[in-house]
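In the two complexes below, chain A is the common chain; its partner is chain B in one and chain C in the other.
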Partner chain A sequence: MERPRIAIWKFASCDGCQLALLDCEDDLLALAGVIRIAHFPEASSRTEEGPYDISFVEGSITTEEDVRRIQEIRAASAVLVAIGACATAGGIQALRNTMDLGDLSAAVYPEPGWLDVLATSTPIADHVTVDAELRGCPVSKVQLVEFIAATLAGRTPDLPDVSQCVECKRAGSICVMVAAGIPCLGPVTRAGCGNLCPRIGRGCYGCFGPVTGANCAALTAQLRGLGLDEAAIGALYRSFNAGAAAFATEAKADV
Partner chain B sequence: MWPRLGEGGRRRERDGSLSPLEDVMADGYILRDPRALVGALLEAGWRVIAPLERDGSLTPEVVSAPDELPCGLVDMQAPGAYRLQQQDSGRWFDAVVGAQGWKRWLHPAERRLWTARRDADGFSIAPAAEVWPPTVFFGVRPCDLAAIARQAEVFRQAGDPAYGERLAATRIVAVNCTRVAETCFCASMGTGPGVSAVVDVALTELEQGLLVDCGTANGAALLRGMDLATAAPADIAAARAAVEAAARDQIRAMPPDIADRLQRASESPRWQEIAARCLHCANCTLVCPTCFCTDVTDRSDLAGDHAERWQRWDSCFSPEFSYLHGGAVRRSVAARYRQWITHKLSTWHDQFGTSGCTGCGRCITWCPVGIDLVAEARAFAEEEA
Partner chain C sequence: MSERTITVKVLARVEGEGALHIRMRGDDVEIAEFRIFEPPRFFEGLMRGRQASEAPDITSRICGICPVAYISSASQAVEQAYGIEISPEIAALRRLMYCGEWIQSHVLHAAMLHAPDFLGLHDIIAMSEVEPDLVRQALRLKKLGNSLMEVVGGRAVHPVNTRVGGFFKAPPVAEIAALIPELLWGIDAARELALRFSAFEFPPDAGAYTFVALVHPEVYPIETGRIASSTGLDIPVEAFHEHFLEEQVERSTALHGRMRDGRAYLVGPLARYALNRERLTPSARETAEACGLGAVERNPFRSILVRMVEVQYACEEALRLARAYVPPDPPAVTAPVREGTGQGCTEAPRGLCHHRYQIDADGRILDATIVPPTSQNQPQIEADLLRVVRQSRDLDDAALQWRCEQTIRNYDPCISCATHFLTLTVDRD
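This part shows the complex of A and B:
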């Protein structure tokens, strides 16, 4: 069987998700044996023309040029997978979506006139049809390899839409919110990271974005009960997945 | 339901009568220090699993040395809140149940069911082998003893032998509760605070040490060779009184007719009201010692030569849990909460002949927003009363 041709693309992002792919250590050799990397500038300067069997897209859409380029990538890809919080929710840079771009650029850049960007940072799915999304900031290596292995085997990838709390309980982690009063976004966040924060006694930062139907209002009420003020609560929702609808709405509710 | 104390050396038969054991034990013994028993069990080669302090809670873990047994701990439990406090009481069993119970041993959170390999003739399947050494569960509370029996019945009916096999290779040293947490309501569920079922060994903590009560030949074998003083009738009376006092200390009680009430509450607007507060995070079901639901997933390697089927804890609160062709059956959180409490407190009786709730209070304590099963049940009961 011809090895499927894979392409990795970057939009507005930090490259962390692409690094997660390069970081697949033990699986890299096995990966190289079953897929053909046709386009991955971060890893190799040799690039091949499309079409591609699977395109992994990192980053959010923040310029007119991005809008045009993502259409081309979509047209050249049989399967398009958005990877990471930027590509699936607009990323940390989606913080600007609720602010005035002029004020922001003037505050940050000496020559804001040179900037040519859109007023918002938006996920890939706002622009083209996306076949699958891998959440996370960054994505989980395990989920990346699982997605590729499942696609090759023709089975459904295991990307469960359950809360981070489920990962806690399966891992045997003790709930930091109940046992230590530490604010945690776990109940409204999708599982998949491997329980990174609660297992070392930290609250979940929501890297994997909201679980389907996230009841953020109920969590917010509890966070108030733990003594967080409105600013602190808003800040919790306003991070890597600030642009995800459930978090964006809840953050606004608290301003 | 009163504790069986001072019946050492004899076994309670299913019909309630007492039968003699070959290995005759007196009517109870006094153990000064539980570490002596743990030490003897370790010495004899048992794998001892006991609630140990982990990250601010008690979790049943493998004990490697008797000194790992925590002493002087007290647990403060309330809806959505748990704190362990270290005191210098010198008491061993004042802190009751923690977040994770014996379920994680008998019904593991993740379990490989089988492995398949591609070979010359297609592929071959090997069932997963499991090593379960001779084990003692040390410090099982009465509510959890009931939970173990109820889960065993679930898996027996389901035709899954693994749970029963683990249990059969496990001896139990139970602890009668002489202190309860605010969230405990076992007295109203008939499961505690004293052990009422047959158990290998039951301990009750007194001022002068632990009253040891042996209920089975297996229990007698665990105690053989230990140098134990015979308990006085006053010790047995004190133990009984302490357990009775613990029952009176419980501030929560399940409405007795809740199973019937819930049958008639399926259309109550209250489900929506609860759904507004519920995170559908699944914590309640995962900490519940009787909840047994799982999901099955297949994993395959990149080369496609090796595949595995895994079973792992799932929950009726997961949106995908009730997924059938075309979509989920219980889409709303109201429907999922209704499923949880109705199964637990009502239809479990029809299915397995008991309540699915033992009154351990874990779902109340470990709900991140403190939704209180008993308070919700009372609200349904009073709504109709």
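This part shows the complex of A and C:
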């Protein structure tokens, strides 16, 4: 069987999600034996023309050129997978969607007029049809390998759509919010990181974005009960997945 | 007169998006530009109004390859503003985690992105077909770096266990001790890779660099020190902006760093090595000598060797810290918020990473200024390009393009950090 041809694409991002692929040290050479990396500029100076069997897209859409380029990538890809918080929710840079671009540019650049960017940072699915999304800031390399393995085997990838609370219970982590009064986004955040924060006594800060059916209003009431003011509650929702609908709506309701 | 143009629209094997443009008329090199077109993400603007305690986590998202550099510099800056003195145990644990970042980032660049240039190959997968043992060794070494970050920081990309003042939880002694056998292996593996890479054929070159790096009287600088230069500058971290500035150029979304007198300068492995060679361990220094590195290395193509010497040092330093590990108790030092300005500076794998925050009485960020290594190096990268093109003008276009790309990759440029990376155009008339 012909090895499926994989492409990796980058838009506005930190490169951390595509790094997750290179971080598969134990599996990298095995992976290279079953897939063909046709386009991965960060790792290889050899690139092949499309069409591609699977395109993994990192980063958010922030320029007119991005809007054009993602259409081309979609047209060249049988399956398009958005990876990470930037590609699935606009990333931390989506904070600008509720700010004035002129003020922001002037805060960073002496000549903001030389920049050619959109006023918003938006996820890939706002522009083209996305076949699958891998969440996280960064994505979990376990999920990345699982997605590739499942696709090769022709089965549905096993990607959790339960809350971080479920992951805590399965791991036996003590609830930081109930036991220690630490603000935690776990009840509304999708599992998948590996239960990283609660198990070290830190509240979940939402790297994996909202879980399906997230009841943010109930969590907000709980956070108020812990004594958080509106600004602190808004800031919790407004981080790496600020552009995800459930978080954006709740942040607006509170700030 | 004939015009010759070389354009690389998307430079490969670098972190982020950049381009290269060279135009020659006859023997004159008219343009040698390294353009960064990665769209800006406006971090400094986005952070205004956020709590200063959020700065480490938010700025870590500037770069997935060197998040610990951002976490550490931002934490130091906020700690300074709040008058927090971290304990020696917290400082040691931070340095241990930072060693992990040096190992994974340097091995990623040296073995996976840079080494293929010297072998005439496109990537590590192709390398694994001709040098399988070398590739396996490099991947294992990189994994060691990631393991250090995971054990101390809780996650290799964007660690979660770090906070202003220290850590959420001190790693158990047993988990740190479990790293020791692999660190012992890593010291030898780094040395072997350094020696292997020293057999590469390096284009002859020498830059007239002004080196800038942290210096420290006792240890090779990673997360602490004063800022020094090869021209005699020796200043505290707080004086950075009095001596260095960033300017905007129209073709690039990365600001370009210069010294206040207008000179370009160089940060990163060559600079650290030139200013701190005596602080390396004797065995890392011995590896440097065995690789043919002198007291100062001015050939940027040989920076790959300095990186591997630094990997060996980082493994040795991590071993020392792991053996001496005492869990910090408490794991973090806290203090009430207060109005003020704080600055922090550490040695990211690619060079100085400087943060400054102005904070109000409620702990909110009023103003943030972040100076990453690649924007500081950008004027020097273009100066290197110009020099290399002049020395290599007899090469045909394909060879010249390869040489130019290599010149940029010498820097391990992190365009995501600079905001930003590479398209090469060579125009020859």
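Keep in mind that, in the parts below, the second predicted complex is superposed on the first by the 255 of 255 C-alpha atoms of A that agree within 3 Å, B and C clash if a C-alpha of one lies under 4 Å from a C-alpha of the other, contacts with A are read in each partner's own complex, and residues count from 1 in each chain.
Operating definition for what follows: contacts are C-beta pairs under 8 Å (C-beta built on N, C-alpha and C of every residue); 3 or more make two chains touch, one makes a residue touch a chain.
Keep in mind that this is a model prediction, so the values were computed, not measured.
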item: Combined model on chain A: chain C and chain B, fit or clash; value: fit
item: Which superposed partner A:Met99 touches (first chain B, second chain C, both, neither); value: second
item: Which of chain B and chain C A:Leu228 touches, first, second, both or neither; value: neither
item: Angular separation of chain B and chain C about chain A, which is computed from CA centres of the superposed model and rounded to the nearest 10 °; value: 110
item: Residues of chain A touched, compared between chain B and chain C (which is higher); value: C
item: Contacts of A:Gly172 with chain B and chain C, given as first, second, both or neither; value: first
item: Partner chain(s) touched by A:Val79 [first = chain B, second = chain C, both, neither]; value: neither
item: First (chain B), second (chain C), both or neither touched by A:Gly201; value: both
item: Which of chain B and chain C A:Ala253 touches, first, second, both or neither; value: neither
item: First (chain B), second (chain C), both or neither touched by A:Ile148; value: first
item: Partner chain(s) touched by A:Cys184 [first = chain B, second = chain C, both, neither]; value: first
item: Chain B and chain C, minimum CA distance [Å, superposed model]; value: 11
item: Chain B and chain C contact sites that coincide on chain A, given as residue numbers; value: 201
item: Residues on chain A engaged by chain B in the complex (per definition of touch); value: 27, 30-31, 33-34, 145-146, 148-150, 152-153, 155, 158, 160-163, 165-166, 169-175, 177-181, 184, 186-188, 201, 211-213, 215, 217-219, 221-222
item: In the complex with chain A, residue positions of chain C that touch it; value: 10-17, 38-46, 48, 50-51, 54, 57-58, 61-65, 67, 108, 112-113, 116, 122-126, 128, 135-136, 139-140, 142-143, 146, 154-158, 160-161, 168-169, 247-248, 250, 253, 255, 405, 414, 416
item: Residue ranges of chain B touching chain A (in the complex, touch as defined); value: 54-57, 59, 80-84, 98-100, 104, 109-110, 276-283, 286-287, 295, 297-304, 307, 312-315, 318-320, 333, 365-370
item: Chain A - residues contacting chain C, complex; value: 10-17, 19-20, 22-23, 25-26, 28-29, 32, 37, 40-47, 62-63, 66, 91-93, 95-96, 99, 103-111, 114-115, 117, 121, 137-138, 193, 196-197, 200-202, 205, 207, 232, 235, 239-240
